[in-house]
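Both complexes shown next keep chain A, but they swap its partner, so chain B is in the first and chain C is in the second.
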Partner chain A sequence: MIDPIFTIVSLVLIIPIALFLGVIYQYFFRKLSARFQWRVGPMLRMYGDLKPLLGTTRLLQPLYDILKLFGKKTVVPEVSRKKLFVSSPYLSLLFAILAVLFIPFPGMPLLSEAPYSLIIASYLLIASILFTILGPVASGSPWAAIGARREVELFLVSELGFVLSVFSVAIARQTLVIWEISKGEQTLYLALLSVTAGALMLAAMMGKLHIKPFDMPEAEAEIVAGPYTEYSGKLLGTYYLTKVFMLYALVGLFISVFLPPLASSILWLPLYIVAALLILFLLTAVQVLNPRYRIKNAINWYLKVLAILAVVNFVIAVYIWLVL
Partner chain B sequence: MKFSADPNIVDFVKKEIYADGLEYTPLRENRVAIKVKPEELDKLAELFMKKFEARLIHATAVDLEVQGFEVLNIYDFSKVKERLVVILKAKVDKDNPSFPSVAKVTWQATWAEREIKELLGLNPVGIPDPRHQFLPHEWPNAVESGLTGGQYKFESGSQTKEMYLPLKMPIEESYQSLIPIGPYHPGVIEGQIVYVKVEGEQVVAADIKTGFHHRGIMKLIERRGYNKGVFVAERVCGICSAAHGLTYVTCAENLYDAEVPDRAMYIRTLLVELNRMHSHLLWVGVVADVIGWKTGFMLTWGLRERVMDIIEAITGNRVNYGIWRMGGVSRDVSQELAAKARRTVDALKEECGKLLTLVAEHPVVKSRLIGVGPLTKAQAFDGGAVGPVARASNWKIDVRADNPPHAMYDPKVISWEVITDDNCDTYGRTLVRVKELLVSCGIVSQCLDYLAKTTGEVRIKPKTVPAGAEAVGLNEAPRGELAYYMRASEKDSNLPHAIRIRTPSYRNNAIIPLMLVGSNLADVPVVMGSTDQCLACTDRVEIIDEKTGSRKSLTWDMLVNLSRRLSKQ
Partner chain C sequence: MGIIDKARIYSPWLYHLHCGGCNGCDIETLAALAPRFDVERFGIQLVPSPRHADILLTTGCVPKQFIPMVKRIYEQVPDPKVVVAVGSCACGGSLFYDDAPENYAILGSPDLLIPVDVYVPGCAPKPEAIINGVVQGILKLAEKASKKE
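Here is the complex of A and B:
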């Protein structure tokens, strides 16, 4: 059994760790896509003559961009429903942080040992996304309304993929506790399941993280800033912070569910980071290679991919459960 | 090279096209001005468009001070006879400045006649859409005086409140389903409003309002004279500045008996085609950005920089080249520079070919472009589409082939082709532009080959412009046919009496609402982008209130109050 004091300490520690790693992931994402696009991107080592002005590295550039927003004026539109409009970003952030607590980090099981932690984590992630929809709807802007509508449609199909992929693993391993999944042994069939379910999960992540071609809720050329059109200052910063935690949580969940035992012991930490960066590399490649779909095409694409992958997934999962 | 005209052109026009004109004047390069009675304008429009499939280039009017107004309809007859352009001129009295609208015969004249109405206060009788074109719809006066020496007596009295509500929707309804794309919107860089009425994400009606960029370019040229005017003309547009420069000099050279050295003609072609290359690369980038493909945007604009470098090496400037002169160009391209540029262009052509096929074959790009913004050939003809938009609707018009400007496009010397496509949608427009870019690469290489091998003078001094001369200059700008009309002053041999500019975006923007209806909201910026609109070109006039002289000014607080009061209603 794990020491309760260690659990409490790790619960406090994981929040800055998640924030830092989320920012590093975003940095990697931005730098990589910049290099794909003949741009420089945020500097890892600043030019010598700019060092006194800008510091030696801009590794934390995504964080600076968020912090800047906290120093700006926050405007709340008069036509909005103010309570919901103002509280949604904070609730969204809260649920994202709570979800982080249920996802194991190498050497820290956190709350993922709790019974049904897989279901709880999934629900917390859903709740976080739900509040990125509710706030904009309350803002009274037509752009936000269209963006939120697209977000709902996208969320419904991508959520389906998410649930199907995560729970096929849960069926195969006969447990709903993330910690048990993440330290479970690997067999050939389970590895095969990880590939198909992992592919499904990547597709779902694209929708949740608005990776192109699925960034239509925020399509700037079409609907300005989509859901975030009326948000500014602290509230917008809070939403961006939510995205950082969300990125960390989804990558962490991916590794702990599909790539056991990388999230089980502190010794695996270097490989954990490598795996995370590989996932981000895949997402970046998809992002830079694709324009944006229309929402209709996106849903069609999802249904097609889900239909094929989910069937294969379940056949493998049930085979492992019943035969092996 | 001297520019010849058929000596019997007037006889040809009388025999083949129209015999009952009041007066026939042959102009340079097979252009004929015919004086007609104003009542005949609409009948003639019908005759020309139906029987000869002539294309209306522009409808405009000139103020003749005490003598009245002259309404001009310029038609392109190049499919009937080589380089034939017919200008119909009808004198209109100042006391009763009315003439029959051509727009009721062919829809494409609507914008032009709305502009005439605003600019000079003439009344096109029977115009289907009588609202303001460049002024705000709710502007109280029918006319904002641009008169050079008269007074206006025309009062329309028809500006009702319903007319300027966008799409005639009641205000309460518009809050729910009216989406304004503009005046400043991330999908379209320049200022204009496209009102879009949506049901869900489906567009059911659309309207367009221009007038956010008025600068008074035409008036500026009229006050500066021929030699300085070319620099102003270049500044109509930052992207197709070469096209404007070339059209200006073509038009001005048609005013007098001009001669241009061959080498200058090649340099002109070289610059215009380089200009077209960077404009098309820019367009591909913009469309990639609009459909959310930042990588495509960055890569095409990266290639565009290299075209800009070649232009900079040749002219010394990146945007406004300042090289155009009446009778030639101001700077020679040395043989070494031409050879060096040739090597760069070859490498560029290869890379462009690869990248652009990649863009055109990308499955997601295709899914975003195929079937979006459909425009049939008949619609393109009636709407007056020009350039790549018309060619993508399988209508083979290209001024470079039909009615070339004063640059080297002779098929005997330079091999090139007019690209058309039968997709009739945004994907077709993409393919046309991508292929045209490669054709332009070929033309540039041939010009550079010529320049690397030969030497010669690049400018012949212009002669005096005769009083009262008229000319039309045409050129294929990257966005389509660009037309200049000039009339020399009777009193001053340095100043033009009138200059009229008809830019390609002026035509293509007008048909945007037509292409929008029925599309998805996600496709609206793509359709708007597909015409490669250049709003700086569209809104080139400014009308200043000379008559009342009173200008009501609003303080910041008053404006804020006004906007709040309106938004609460």
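Here is the complex of A and C:
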């Protein structure tokens, strides 16, 4: 039964938790990819003699980057559509935070008990990505336009995998409420479905988070900084903040939909963290082992590999729905 | 010192501006960013757009054709910012700089166009020297930011 006071308290509490966990995830991502590349990466414990100047730990390095960006001057280009250019980072952040509210955290159902919460959460995630496309388009920079176009194409094909994977689980479990999915018991067939659907979802996550073979929207150095070329100061900081919430939201959604019951009870919290770090390990391994695809190759890969996985996935889901 | 001032010291982002030169300093700069010296330990990152940068790292002397670009890229870096000039050419023109007769193609060091805060001499400077220069730049950055407030 929903307790209104607990829900309100948890809704307020989840935002700092999501921010903290997102920052930790990003730190883990950066540290791990540094270790893969024979580097040290942002330091967990700073050298003794440098501590007074450089701080004791860099565990919150992504947060420091964001805070620094908030302390800098913001440049708005003359040629940009100013209203859209300035407002879209904030709208993107707003939708990412709203999506976080619909994704359960161990011990906190939040709004995921609401009817159709799976559909609402996926729409909010789409809206957030949409505003990371609209802002750059309004900036008037050719690099941002190229980046945004690639982002649109990648978003369309990765969305296919995302929808097919999430909704096959919804078909098999006969519910569109995330909380009910994340509480449900596991059977052999549902576990099998989780494997195929989870692989689909990981592929979709790679596109949404711009993990290496699919980082062509940002394509550092090739098209300057892609969509973010013209952004600076507070607006860029807001986009980086959006990325933090997005990472948390996608990892949280993955765990609650494909690894029930890890996101249901507070007792599962340690395992929830371990599962999140495992997912990040997989994503980092993909990131460091791959070069960048061209957008054409990425679309081909998505359509060919996803098509096969999606068919297998769909057959299992329908079998569970009709037979079991 | 506020949290934002601390964050400024903790995460300086570099933009590498190659004005024109022999590429020697650029190789050393990239060596400073590569795994052996790995400046990401201290949060220093190379960014692809000058709008994201805190520290503008210039190498080489400026050809006359490149004058508008240098000025424009300097203006694109949002405040507070610091310029670090790496190498003998960027510090004073080196062998490309002549008083009379004037060189027809090359203006000289970038400090004739933009205010340079830190000079790292050497032809080419070692990666350790470049990292030391960047650290001096970070300290200047913190100083500039606190003066403005």
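Heads up, the rule we're going with is that the second predicted complex is superposed on the first by the 324 of 324 C-alpha atoms of A that agree within 3 Å, B and C clash if a C-alpha of one lies under 4 Å from a C-alpha of the other, contacts with A are read in each partner's own complex, and residues count from 1 in each chain.
Just so we're on the same page, a contact is a pair of C-beta atoms (placed from the backbone, for glycine too) under 8 Å apart; a residue touches a chain by one contact, two chains touch by 3 or more.
As the structure is a computational prediction, the values presented were derived from the model and not from experiment.
Undergrad: Touching A:R39 in the superposition: chain B (first), chain C (second), both, neither?
TA: It touches chain B and chain C both.
Undergrad: Touching A:I299 in the superposition: chain B (first), chain C (second), both, neither?
TA: neither
Undergrad: By the touch definition at the top of the document, which applies to A:Y231: first (chain B), second (chain C), both, or neither?
TA: In the superposed model, A:Y231 contacts chain C only, not chain B.
Undergrad: May I ask you to name which of chain B and chain C touches more residues of chain A?
TA: More residues of chain A are touched by C.
Undergrad: Could you say whether A:I146 touches chain B, chain C, both of them, or neither, answering first, second, both or neither?
TA: After superposition on chain A, A:I146 lies in contact with chain B alone.
Undergrad: Touching A:L289 in the superposition: chain B (first), chain C (second), both, neither?
TA: first
Undergrad: Touching A:L67, do we find chain B (first), chain C (second), both, or neither?
TA: second
Undergrad: In the superposed arrangement, which partner chain does A:M216 touch: chain B (first), chain C (second), both, or neither?
TA: A:M216 contacts chain B only, not chain C.
Undergrad: Using the superposition on A, tell me which residues of chain A are in contact with chain B and, in the other complex, with chain C.
TA: Residues 37-39, 220-221, 224, which sit in both footprints.
Undergrad: Tell me, which parts of chain C touch chain A in their complex?
TA: Residues of chain C touching chain A: 3-11, 13, 35, 38, 40-43, 47-49, 51-52, 54, 76, 78-80, 145.
Undergrad: What residues of chain B sit close enough to touch chain A in their complex?
TA: Within the complex, chain B touches chain A at residues 179, 185-187, 201, 288-296, 298-299, 302, 362, 364-365, 367-368, 520-525, 567.
Undergrad: Quick one: in the complex, what on chain A touches chain C?
TA: Spelled out, the residues of chain A in touch with chain C are 30, 34, 37-43, 53-55, 58, 61, 63-65, 67-68, 70-75, 220-221, 224-225, 228-233, 236.
Undergrad: Spell out the part of chain A that touches chain B in their complex, as residue ranges.
TA: By the definition above, chain A touches chain B via 33, 36-39, 79, 142, 146, 212-213, 215-216, 219-224, 288-297.
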